[in-house]
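Two complexes follow with chain A in common, the first pairing it with chain B and the second with chain C.
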Partner chain A sequence: MSLSDTVAYWRYRVVPDHLLGELLTKRWIDNVIPAVILIAVVATFGALIPDFFSAGSIGNLLRQWGEFSLLVLALMIVMVAGGIDLSVGSTFALGNIVALALLNVAGWPVGAVVAATLGCGAAVGLINGLLVGYLRLRAFLTTLVTLIIVRAVVDMLLLKYSVAIAAAFVDSDIWFFFGEGSVAGLPFSVVVTAVVAIAAHLILSRSRIGWHVLATGGSRRSAHNVGIPVRRVICLTYVVSGTLAALAGVLFASRLGGAGADTGIGLEVAALTAAVLGGNSLGGGRGSAAKAIIGSITVMIMVNSLVRLGVTSGANSLLLGLVLLGAVAIDVRWLKNRHKVLSKVYVSPVFAALPPAPGTDAGSPYALNDRLRGVELIGLGEIDGPEDVILDDDDHIYAGNRTGDIIRFLAPDYRRWEVYAHVGGRPLGMAFDRDGNLLCCIGGMGLYRITPDRRIEKLTDETNRSWFSIVDDSRLRLADDLDIAPDGRVFFSEATIRYEMHEWPVDCLEARGNGRIVCYDPATASTRTVLKNLMFPNGICMTHDGQSFLFAETWGCRVSRYYFAGPKSGSVETVIADLPGYPDNINRASDGTYWLALVGMRTPSLDLALKMPGFRKRMARRIAPDEWLYPNINSGCVVRFDDRGTILDVLWDQGGENHPMITSMREHRGHLYIGGLLNNRIGRLKLPDSDPDWTGQRAYWGRS
Partner chain B sequence: MSIFGRLTQEQIVLGLAVLLCIGFSIALPGFLTANNLLNLLRSVSILGILGVAMALVVIGRGIDLSLIAAMAISVAWTLQLIGTGMPVAQAAVIGVVFCLAVGMINGFLIAYVEIPAIFATLAMGTAVYGFGRYFLFNLDVLYFPDHARYLLWLGQGAVLGVPVPIYLFAGVCLLAFLFLRQTRAGRYLRAVGDNLAAARISGVPARPIIVLQYMMSSLIGFVAGIVTAASVASMNTRIANSTFVYDVILVVVLGGIGLSGGRGGIRNVIVGTLLIGVLLNGMTIMDIQYTLQNVIKSVILLTAIVIDTILNPRDEQTAQQGDI
Partner chain C sequence: MILKAIDNFLGRGDAAVTVPPLDGALRPNRALDEAAARHRLDGVDCLTVHGGRLLAAAGDTLLTLDAAGRWQHVLQVDDRITCIEGPAIALANGAILIDGRRHRVEGGCITAMAITETALYVACGSARHRPDEWQLDLLQRGATGSLWQIDLATGRAARLAAGLAWPSGLAIDGKGRPVVAEAWKHRLVCIDPAEPARPRVLYGDLPGYPGRLSRSGDHYWLAIFAPRSQLVEFVLRETAYVRRMIAEVPQPYWIAPKLRSGRSFYEPLQGGGVKHLGLLKPWAPSLSTGLCVRLDAAFQPVSSLHSRADGRTHGITSVVAHGGTVFAAARGDDVVVALPEA
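Entry: the complex of A and B
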């Protein structure tokens, strides 16, 4: 390697470019901006106000914060479902006056007062919910109107009862505890808020109704179409919001014990600012209790600190207005552009130098010929994308298709076919085990087993999570091909952990080595990753010695051998280092050698591009995906090689008319059956020199 | 069904207003006098002018909650400047420029930053009020300076026995009507309100039109503010925090201008204003408590929104996600 290549190699090996994109895919990344704002606010006011961090100052702030953040939580729950509740401020005031009137004037016991006040808030919420949820009014205007009505009701109650409230004296320890008491050093209101926040978090993230709420906010129409009772869910969020607002009112009443005319005025704007600042999206679908808490702390500190700094009330509303505008602007732009940013930074190519490609001219082992021209076609136009084909003891052909079925072509003439099993996903590599079960790697789903009586069973869809991987690599995204060891262990390849199935060409562009080989052990029903960081591992084939398997790395253009037993257990050897094309499936041949499919041939342009990661990164950022440089998958061939890596035989179809795009081949009773991921046919080629009785079943399991 | 099916909301509201008029005329002595009717019209003309401002925005599928705050602060600032000795014209120009700036920022935030109109203007209203109180003046109420008292004619004068605010209301209505019907920008405004995406695709400069609509509403708001200040010889900036802006929305929605945009015209505003005027006048004569009046108005607004939703149902298939 030249010096510049070495530098490029280490530059892209050491600097983890891909982590930024992976961070952006995480849901919790949304909380970063609000958290940074919070830290900035604390730092600013902590520096400006002398005893900002003193115990007394914080204790005072905490008790107010408890009430305020209950309102923000109330608003958050409504916002997550796609609505908005501006009446929280008025409901808060209503809760305050109702609690005081019932306690001071009517003299009810504290328990009954709390229950009645919460009921009052729930009733206001129910009105909102009926109007917005069931009558489908616009949430903003409707709750504005209920804000005015409830405010007017509060004013009327104030006129009637404020004197009586001020005159009465309440002697109740519980009531006193609500307002002044502490639990483990924390004010009572904070404890209540913490309980509510944890409950809200658990319900939203882990319960059926919480998922319904999120789904409704995320896409109302889709939620309706999958059968979620959208109207009821929305109504319910308003009831919860009204109840929480009333609860905050009770806490406020117990703390101050007085009913003022300005209680709760403008609180809805502050709560809305807090909710949006925390990262809860207007319009729903994105929001959490944590976001509400972060936002409420930030706004509480800002408002309170301004008062303590002695700034006039005008500055307060100016600041709230500007912060609300800024927060909404960030929210809107972030939501709109997040996926654009993600698509720009997610693809992060590395330096990958392939060995020079051997030629295909006359003297080369890969010399061109037309031996595939005579292929017979099975199921032409009737099957869509048989990535792999396999034959059973009775000579029936099994092949997966694009619509998630495993199709069986019936022997002897293969003119009739049936859906053997509908498994869903994208059926890829297949193998029969000792008992005649058909094991199948299904892209997007995992490893599945179809028993001879056509029962479909999931074997595994997850493996062990890597400690330091940012994307969750425990789920199987693209299980590709498998083979079964003599002891029954199933080794299968997962092509990439960073991309979805349909994005497989992008994985080539990145050339990072995102694939792995995973082992499923039926004895313990456990799954674990065996080999990592492979460049799109694809075909897997057990060697004839029963101690190792061969695997092909498609973008690495090589075939390697991994020993899982015997003296060399755990080691990897390269068998063929410099293939002229991209290898796909490997299968056994009858004479102790192996068949290998080359799905496409390398091109000098892409080989060069692989050595220029910066070029590929710019390409991925600046031009549309259909203009990108992609690996060629149009012309390929079938290769036979032995376990020392010697190329013994090559089968070509130069025009590609009869059988383009080969991804697999399977020898069976003197014929070679050929499949292709994007093909509409299965090819069948007579092999004149091979054993006419050899079958894969017999080679693996000793049966005939 | 067949009768109601043919009636538009505008006709229903007009009928209601007439019915209320007849009812009040019979029940309330002193309602049906020329003096009271002129007084009624005069008292609602400010609401009507603001209604026209709001209508222009609502037809363009927006809403302007900062209307009252911009009006109060700009007029109060003008009065303050006049009070410090600045020539009236210069002070008025500053007030107008302030209003236009607020409208332009609103429009920019809504059209270019794509913040939902309701939030942008809500936050702008709060910010504008805070800006005025913090930077411009310290008083809640600013009085008309003595040397500019001739301006009071705008609010208190009369021509041929008809109060000036009624003429102003009529003038604003006429201009807005001509704008909507006769100018290209007016038609663009309606197209943008009816279907933003289609308007953009067919080449309408949608974003500038949105900015224009908020600037116009702010400007009309300034006119209404001057009339308000001239009527009572002062400007109370606390009005920015009151529920006055919802009365304005009430007028617009009640008159039959759907909040989903693209529909309705100036006639709807006039009808809505008449009904509210009759209602407020009657309630005042009956001496109903202010808070109760608020409840009654709100319930009527709620009913109007319910009727609006039933008559112009939101299309679930095409409604934008997050259109709240």
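Entry: the complex of A and C
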């Protein structure tokens, strides 16, 4: 390997480029910018204010923060559903005055006071909810009006009761515990907030109503179309918001015990700033309790620290406004550009040097010939993309097609055909088990079974999640080919975990080894991954010893053997290291050897590009996929080899007239049946020297 | 330098790989493949009309097409013919034969000629490469071509312009000035002998690499010998890849425009070129196509004749009109097609 190749090899081996793209696919990546801002704010004020980190300072801050972040949570819930609630500040003030009046003037017991106050907040929320949700008024204007009206009510109540409140003396430990008590060293308000935040998180992320809220905010029209009661959901968010604001008011009342005219003034702006700064989108649909918490901490620290630094109150508001403006700008830009950045960085090719390709001229074991010229064509123009073909005991042919059917061509002449089963997805590799069930790998779905009476049963669509993967790799994206061990275990390949079925060319461009081989055990109905980081594992075929199987790695241009039992259990051996093309399915031949389909041939230009990951990455960014350099899958061949990897036979269709792309072949009673993923025919070739009675069923299960 | 690095990172400016679409007068059709008359001639490269008959150069032989549509031997010369124009025959060794006289220009690599009453204009594609090394010249982004004027009376040769990016076609416009097809810059430029330092672009940003030009009455025919493609445009900007490709990949399998592509499975394949249901799509990106453009007196396109990705008339190196018929030499498919000049 040359020096530049060595450098490239290590560069792409050491730096995991693909992780950046995978990080950007996670929903929680939205929290990164708010978290960075929070850290910056803490660092700045921690450096500016001498005793910023002292216990007293933090304790004081925490108690205020508990109340404030309840308001932010309230606003967040409304915003997630696509609305806005400007009345939280007024409702907070209303909660404060109502609680104090009921307690000090009316002399109600504490429990009743809390319940009545929360009910009062909920009533304000309900008014908002009815107006915005059911009458469909504009959220902004409606809650602005509520803000003014509720503020007016508070002022009237103040006028009437403030003297009485100030005069009365309350003697209730529970009441003062709300404002001054601690639970395990944490102020009570913080505990309340934590409970509310955790509940909000669980509801939004795990519950039906939470998903309804997110869906309504994400797209009101679509939510309505799928049957979500949009109006009720929106109304409910305002009720929750009003209740939480009143709860904050109760805590505030308990802490300070006084009613002033300036209570809650400007709080809505601070809460809005916190919510948006935390990353809750103003457009709705994106938001979480964590974002609300991060935002509220940031704003709380900023406001308090500025006061402690002696900044005048006007400048304080100005700063808050500027921060809100900046947060909105970031929100909009981030939403708009995240997917663009993602699409630019997700594709991350690596260095992949293939061994030199053997030639195809005379004298090579792969020497060109025209032996596939003589195929009979079955179903020409009637089948769209038979990736795999298989025959049953009665000689019927089964093949999947592009529209998710398994088509059965009826013996003996195969002129008639029927839809054997409509399974959906993209049916790929197939195998018959001991009981005559047809097992099928379905791209986009998983491993399925079709019983002889045509019932379709899912065997598995997920495997164990890897410990250290960023993306959730438990779901099967592209189950490709399978084979069944003598003990009934099903081994199947999943070609790639990073891309969907139709994106396979991108996986080729990456050439990383994104695929794996998975084992499904019907005895325990469990699924687990047995081999990882394979380069587009494709065909799988049991060897005759009952302890191992052969598998082909398409982009690796090699065939390997994996032992799942016996003394070599768990080990992998390379059988053919340097194929001149890209291997696809492997199947048994009648004489104890194996058939291998080469779906396409290696081209020197792509082999070189595989050693230049930067070139491929730029190509993926700059030019349209139709213009990308592909493996040459317009020419392929069928190869026969033995388990030592010796090439015994090769069948070509030069020029690709009938079989430009061969993805599978199946021997059955002296004939070879040939399928192609993008072809519209099944080829049938007579094999003069093979056992005319041999069938796959008999070789596997001893049946005739 | 910094701006260039930013462009390169973002794929803007010079690093953009846009190719103009085939639209307007260049809308695709199948005219070349559907031509009624197809005259096979191995190695056919250049066509001209002289003495009232159509002449074709193939290898070291000059042939003419008889009334029955068969090729008749006219003349054999001592080297490969790179270009013919009227009575003039240019050879690979750099000699130009006119009616038995020999002329010579510096550099050789004669790709095109144009003749007037008094002068012969000669285009030399490159100072570094032979005519059949045009792919290498493109990949190295060569700009060493030149334009020469030979006085027919005295035989004196004068260089009109240098530093051209593979001039591959020549015609004389209505005012007697030479018009050059500058292949690697995808344009036709008019070079006035009075002020050769200031070439004027007549038709820029062509969707292919323009080749030989010929005059027919008051209009012109332009042969576009290979299409531009996004992939090639991209590869041209990847100097490290190009360097290694030239060194490590056999020339027939380069990512480069071709006169004929898709014959070997070792050639690069692009996504749109994958056969679906046994068919190659006509719109598939291809390293070779067939394209002739009819230009008006001001060298603006009027109509075009195509052979698309799935066609069988690729790599048009020369097109001439003679007696109401257009003859196009498809070097890629070793055939001369004839169709009525509409």
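Please note the rule applied: the second predicted complex is superposed on the first by the 695 of 704 C-alpha atoms of A that agree within 3 Å, B and C clash if a C-alpha of one lies under 4 Å from a C-alpha of the other, contacts with A are read in each partner's own complex, and residues count from 1 in each chain.
Heads up, the rule we're going with is that a contact is a pair of C-beta atoms (placed from the backbone, for glycine too) under 8 Å apart; a residue touches a chain by one contact, two chains touch by 3 or more.
Fair warning: this is a prediction, and the values are worked out from it, not measured in the lab.
*Asks:* Given the touch rule stated above, what does A:Arg220 touch, chain B (first), chain C (second), both, or neither?
*Replies:* first
*Asks:* Who wins on chain A residues touched, chain B or chain C?
*Replies:* B
*Asks:* Tell me the contact category for A:Leu144 with respect to chain B and chain C: first, second, both or neither.
*Replies:* Touch partner of A:Leu144: chain B, not chain C.
*Asks:* Does chain B (first) or chain C (second) touch A:Asp626, or do both, or does neither?
*Replies:* A:Asp626 contacts chain C only, not chain B.
*Asks:* According to the stated criteria, A:Leu306 is in contact with first (chain B), second (chain C), both, or neither; which is it?
*Replies:* Touch partners of A:Leu306: none, neither chain B nor chain C.
*Asks:* Between chain B (first) and chain C (second), which does A:Arg333 come into contact with in this model arrangement: first, second, both, or neither?
*Replies:* first
*Asks:* Look at A:Met665 in the shared chain and tell me whether it touches chain B only, chain C only, both, or neither; answer first, second, both or neither.
*Replies:* In the superposed model, A:Met665 contacts neither chain B nor chain C.
*Asks:* Based on the superposed arrangement, let me know which partner A:Asp155 touches: chain B (first), chain C (second), both, or neither?
*Replies:* first
*Asks:* Given the touch rule stated above, what does A:Arg681 touch, chain B (first), chain C (second), both, or neither?
*Replies:* In the superposition, A:Arg681 contacts chain C only.
*Asks:* Please output the residues of chain A touching chain B within their complex, sorted ascending.
*Replies:* 82-84, 131, 135-142, 144-146, 148-149, 151-153, 155-156, 159, 219-221, 224, 265-266, 269, 276, 281-285, 311-322, 324-325, 328-329, 332-333, 336
*Asks:* Which bits of chain B are touching chain A when the two form their complex?
*Replies:* Per the stated touch rule, the residues are 109, 113-116, 118-120, 122-135, 138, 241, 243, 246, 249, 259, 289, 291-292, 294-295, 298-299, 301-302, 305-306, 309, 313-314, 316-317, 321-324.
*Asks:* Can you list the chain A residues touching chain C in their complex?
*Replies:* By the definition above, chain A touches chain C via 381, 384, 505, 600-601, 603-606, 608-609, 612, 615, 618-619, 621-635, 656, 658, 660-661, 678-681.
*Asks:* Using the touch rule from the top, collect the residues of chain C that touch chain A in their complex.
*Replies:* Touch residues, chain C against chain A: 11, 15, 17, 229-231, 234, 238, 240-241, 244-245, 248-250, 253-255, 262, 265-278, 280, 284-285.
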